[in-house]
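Next come two complexes built around chain A: one with chain B, the other with chain C.
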Partner chain A sequence: MISKTKQVNNTHEFHAGEPVHINGLNIVCNVEKGLGSGTQGKVYSLISPDNSPLVLKWYFPSMATTEQYDILKSLIQKGSPSNRFLWPLALVNASKKEGFGYVMSMKDSRFKSFSFWLSRKVDPSFKVLLTACFELVQSFHLLHSKGLCYQDLSLNNIYFDPENGEIRIGDTDNIVINGEDKGNVIGTPKFMAPEIIVGKALPNTQTDLYSLAIILFYILFLNHPLEGKIESSIKSLDLPSMSKLYGFEPLFIFDPNNDSNYPDPAYHANALIFWDIYPDFVKRIFVRAFTNGIKDPTHGRVRETEWQIALLALRDSIYYCRHCGSENFLVTDSSVFEKLKLPVELGGINHEINVPKQNSTVERVQNNSVCWNPKCKTMNTRILNIQIDDRSYIALNHDTKIFPHHIDPDRKYDFSSPVAEVSRHPTDPQVWGLRNLSKNTWKVGKANGDAIEVYSKQSFSLVPDTQIDFGSSKGIVCY
Partner chain B sequence: MAALRVLFATKDKWFMTEINSAQVVDKSIISNSKRWLVDSESVKGELHSRTSYSNQDSIQWKQSYTSNTIVMSVADGHGSDIHFRSKVGSQIAVKTTVETLFELFHNQPIEINNVSQVKDIIRYSIPRLLVHNWMDGVRYHMYKHPFSNNEVDLILKKKGPLILEKIINNPKIAYGSTLLTAVITKNYFIFFQLGDGNILIVDNDKNVRNMFSNNNSDLNDKSSIDSIIHTESLCMDDSWLEFKTGIFDFHALKPKLILLSTDGYCNSFTNESGFLKIGLDYLALLEEFGYSYLSENLYEILRQTSREGSGDDITLGFIYHI
Partner chain C sequence: MILLGEIVINIIHLFFLIFMTLPGGEISKRELHFIWIVDCSGSMRDDGKIQALNYAIKEAIPHMQRESENNIQANLLISALRFSTGAQWIIAPTKVNEFKWTDIEAKGETDLGQAFLLLSEILRIPPMTERGLPPVLVLLSDGQPTDNFKDGLEKLLSEPWGRKAIRVSIAIGEDANMDILQRFIGDNERQPLLARNPESLTKYIKWVSTVVQTASARPKSQQKNYDGFISNVDIPKPPEMLSGSTDVW
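Let's turn to the complex of A and B:
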């Protein structure tokens, strides 16, 4: 059944129409067509009795190892952490075929690999990217809580919908049990923690946190966090020099205390451009991830919950430039992260970790809310936002929605249905309001001291200094 | 002979008779114990013959006699006015690419059981390194041969001062070229492509696959360039991001024949399916008449194809599994 050897003609391939018995699901499907193949196996779409979209991945003979079979068995037993994973549903053996395969859900074509974003073949908004990043962190969190971790992950195997940021995670057949030795970790994967590359650790939750940080940085800065001047000085790519870069001597390109791996403008322009766009609290958390996170693998890494808070705060700070419509990040004097008294671990100020600046204009740009778009550079002032307790603030755009996550400390990460949305006054579109989409009645204190009640479906005008009691928290409208 | 119709539909008489009288058995195949036979040819198009341009294509390959590693690279210099040094650009491209990749894959063999661990290096680091080394080569050439007054005057006359300034500030534009590369090792295959051109794979079952054909990709490639450069090219800023990369296990392809060609070849056909047939034609030629027969006649085949088709330069490299 499990064979590592000899290649008899085509006994590991399926042709269209061929029946596939999936005992684990108690169904028989038919092969529709081949979808593609790579280094591990060939993937076929299936026609299933109830039309559920399924695919079959069948391993090449050399890849159909007992280790792989056992991994699949335990993954199927454990079950998928969430529908974001293209998880193995059932093993498949076929009497006349060499090796084995497994079935999983089909990935819809609306999902594009992040490598498309890297080459800018898709053009998602920051909001979408941050949603996708948040979903990734959440998925890692779920996976870890099942005692599982990735052995190796790459931008090619994670997919997102460029319209809304929903994600899918492929290549789940490489997922392993936390800390277990599967014995096939060699080479120099770009997303692997240094301690694995140097042979000091096996994949575990802590090494996964490092991979997660790399992927988030890659997505938000379009550059690998360790690929700066040192990389671009390498002329002949050999594995030892790669192991040095990613494993033995990893150095963050924006390390505040060592600029010897600073981005090379000829090769790492993206990193420089994006470094200027994001607010300081984001840079700070990445600096921590790639300084302390490298030095101290057990305690120094940024945890999933910390990423979640930072990514959502960043998403909430998006506003559209008045002139060109580009998404910018709000850093107001009244409600910067600094002022929210966040603990250092959550991205709050730590004066030991300073954020390297390219030049003094950068600072000016940020403080003045100048649009980052080089063709625009409009100064945006008086950007409407709402500050909720001392926890968060949300820039208020024409399309902003507020969720239980924002107003109810007991319903963190609940984005299931909005409780409020920005609305326009029916007769005067210049006047913006906030509509109550919840069932609760809000108590609103107007700037002039009047108090009113805002019932479900009603709106009130968004005037600075207006206070709203949502019940579970209080908000204040600011400029 | 049916399979040869595309190649020979309108070929010279002598060429047809030559085929009919050819010895079917080729000595070089019998005596050759290597698994792969490799050769290439490049012809100057009629269009270019009429103008002052030379053949802008370059091809180079290197085969190891000990490790079964083959690296083949084809580059097509853009050849238009602003890319006035693209012949040199394409030569630098194939030379640096073959050297860089041969060094990596021959001298430090990566086997299939660990290729998956270096997938990201192959996808994301190698393209940048190839561009890097190409740019170094271009810089060195510029240093040795700064733009001549002649070259400068010509651009000024044809394109105006703005374009001239752009090229002087960014001389690599003058060297603009595409790049197609195949790396073959004992157990796996790696392909890189930047810009136009085709990599065809004919497998044991005579299926022809166009490696990076646009219509089987997930997206319609939206060009992300707005500049004076007309195509995906080594001379673009960030060009490594535009590389298409494929990494395959031997079983994923089961290749019998691998062809690399510049787009002059594909453009000689009215549609892609017409072009794809050349895969079967070449395989039939190799199987019926042998490697040295094809090697001897490849130049003439390409010359005819160009004359009756695109009129463009055509370069073809083949890697045949015996």
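Let's turn to the complex of A and C:
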């Protein structure tokens, strides 16, 4: 018999306004509203005394295990590796509720799931995507270097700001000490390392590295690295066929020795389009990640530090096509670069004379310099950039900033505040310069041989062959 | 100062053009059919069961739409099939964000076998796509089939897509034949869900329309007891049974 629906008094759910005592933080909050639920529990936003944005995750009774409780306790004790993680801050028990929960910071609404990018509902730039990728790699490097392992790395748990690439990592309650067989998840199907799928391993930092490579490929190529012709020949992608595709017989779509899983242009056009755009060093690192990285889980995987170098080099190589403004990548192969740089004569620029056509390497550069935008295809041959100590190049665009990372070998990955930026001459908009944003004085050797000093806040004109002594390294303006 | 405008041409314009869209398009998705199979026999009129069902499905639609937004794998298509005296399609495959539920009425027999036959006709290629995910079939029933359901079920399971489908059944009230609902699901691990009251019906319907949808489409975190060799798709646990409610069917 149905009578009027009455309020169900659930012993593991909260209603709006209900107080939540957070002893670990010494505060009492009130539940604002439910934000959503997953496989493990339900998440609520909280109203806190000082208005700090907090959320409560309360486990479903079947998920509220002592093991989970212990994991949380140790995560809270360890503290968050960085503010990129939505880390447990305090455990919560409530006398009238079954199970337990924890509080963490709220993920701001500017952070969007990467699925928005894969569905093209947001429109980030390459620079933003590469920043997000770099932040991901950096965050997981930090996590792993603390001996911790994420276990369930997938696109479902990471978020980015499409305006600037800042990231947030959620679902941190499965993080455990590497090697301790703790936690009850083994991963998310398309992101799990093959050795987990075939039952030879449980999640560990090496399998995290594999999942990370999958994520990077998804973000940069909008395609799964193992979804090529073999995938499109499967009519119904069920679990047995997924186990085969991603676990028992994984084959990279761009495997240089086996093209039987090459992208199917009907379904994997993205992979083909982006593969053509990125420079070779990017392709090489992904080939390694999905050939050796699959064959040899222990030694073959690309390390986070390697990803960091590659992703930052790629971001530094972005230049805007002079015709359409699309972001293209400057090829920074140094032997090629020598050839391009040497013959530049100010005032007498002539592509035909200076770039020997018969040289195959240079030929390739020219190909790569054709803007990828199908409506544009402009040849961009001379791209202003700065070479630093023979080890890195930074394309110089109107919005380029140079950081300690670039010029100080002791401050790698320091992007806290810029030391230089491209600036426009105050009275002559045709003249562009590099402004000194650091406290140090630069010694600048002009192309004509003159030596000048550039103090903090001053700029010098960007003329090819100008040499800059930053103190910790030397740069030369190339063109 | 020698400085040719030519030299720095790649940096001097384009303040207005740098927001160029990147190449390529949306990631390619697979078709996912989600099919409601609804018992509209006369007994569904008792105790407002059919109203509760209409309500629960309508309630689940926005959640279903939101869940599919984060879906990088599937284009979700929803359809509905009704059985009472005979069986009919009442909603053709519709995109999830255009899906609307029109209230259905209850009268007649319980021709479940007819429903299975009708289903088996579409669970093949074509009309199914060459590039799909295992369909999700959700059977809602409160009673005993009045026709020969066995032949229908056999026919359904003889279609590869019928076999591969994720089959879920919800019993509406204690009178439902749990054995038949179990035979529809097939495996012994998963059981029919028994909705004893409108709240649990709403809850189960929301669960199938979100969690089960994603089991086929957006792979979720898998628990350690995962076994890729037994079932087609790993389905997360149903929501906890409600306690403390007295309104039962």
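Operating definition for what follows: the second predicted complex is superposed on the first by the 426 of 479 C-alpha atoms of A that agree within 3 Å, B and C clash if a C-alpha of one lies under 4 Å from a C-alpha of the other, contacts with A are read in each partner's own complex, and residues count from 1 in each chain.
Basically, a residue touches a chain if its C-beta (ideal position, glycine included) is under 8 Å from a C-beta of that chain, and two chains touch if they have at least 3 such contacts.
The shown structure was predicted, so the numbers you read here are calculated from the model rather than taken from an experiment.
Model built by superposing both complexes on chain A: chain B and chain C clash. Of the two partner chains placed around the shared chain by superposition, chain B is the only one that A:Lys112 touches, whereas chain C remains out of contact. For chain A, the partner touching the most residues, choosing from chain B and chain C, is C.
Of the two partner chains placed by the overlay, only chain C lies in contact with A:Glu327; chain B stays clear of it. Legend: residue contacts after superposition of the two complexes on their common chain; A:Val122 is shown touching chain B, with no touch to chain C. In the superposition on chain A, A:Leu396 makes contact with chain C only, not with chain B. By the touch criterion stated above, A:Asn380 is placed in contact with chain C alone, chain B being left untouched. When the two complexes are overlaid on their common chain A, residue A:Ser461 makes contact with chain C while staying clear of chain B. Of the two partner chains placed by superposition, chain B and chain C are both touched by A:Leu237.
Shared-chain residue A:Ser62: touches chain B and chain C both. Applying the stated contact rule after C-alpha superposition, one finds that A:Pro189 touches each of chain B and chain C. In the overlay built on chain A, none of the stretches 147-155, 165-173, 219-227 or 255-263 of chain B clash with chain C except 255-263. According to the touch criterion, the shared surface of chain A, contacted by chain B in one complex and chain C in the other, consists of residues 10, 12, 38-39, 60-62, 113, 115, 118-120, 152, 154-156, 184-190, 232, 235-239, 242, 267, 269-270. By the touch criterion given at the top, residues 7, 10, 12, 37-40, 42, 60-63, 109, 112-113, 115-116, 118-122, 152, 154-156, 184-191, 224, 231-232, 234-239, 242, 267, 269-270 of chain A touch chain B in their complex. Against chain A, in their complex, chain B makes its touches with residues 100, 103-104, 107-108, 110, 112-121, 123-126, 128-129, 132-133, 136, 187-188, 205, 218-219, 221-222, 224, 237-238, 241-242, 247-249, 251-252.
Those residues of chain C lying in contact with chain A across their complex are 1-15, 17-28, 30, 47-49, 52, 69-72, 125, 130-134, 160-161, 164, 197-199, 211, 218-224, 226, 228-229, 231-234, 236-237, 239-240, 242-245, 247-249.
Within the complex, the chain A residues that touch chain C are 1-3, 5-6, 8-12, 38-39, 60-62, 113, 115, 118-120, 123-126, 129, 152, 154-156, 171, 174, 183-190, 192, 197, 202, 222-223, 232, 235-240, 242-243, 247, 267-270, 273-274, 277, 319-322, 324-327, 346-347, 349, 372-374, 380, 382-384, 396-399, 422, 429-432, 447, 461-464, 479.
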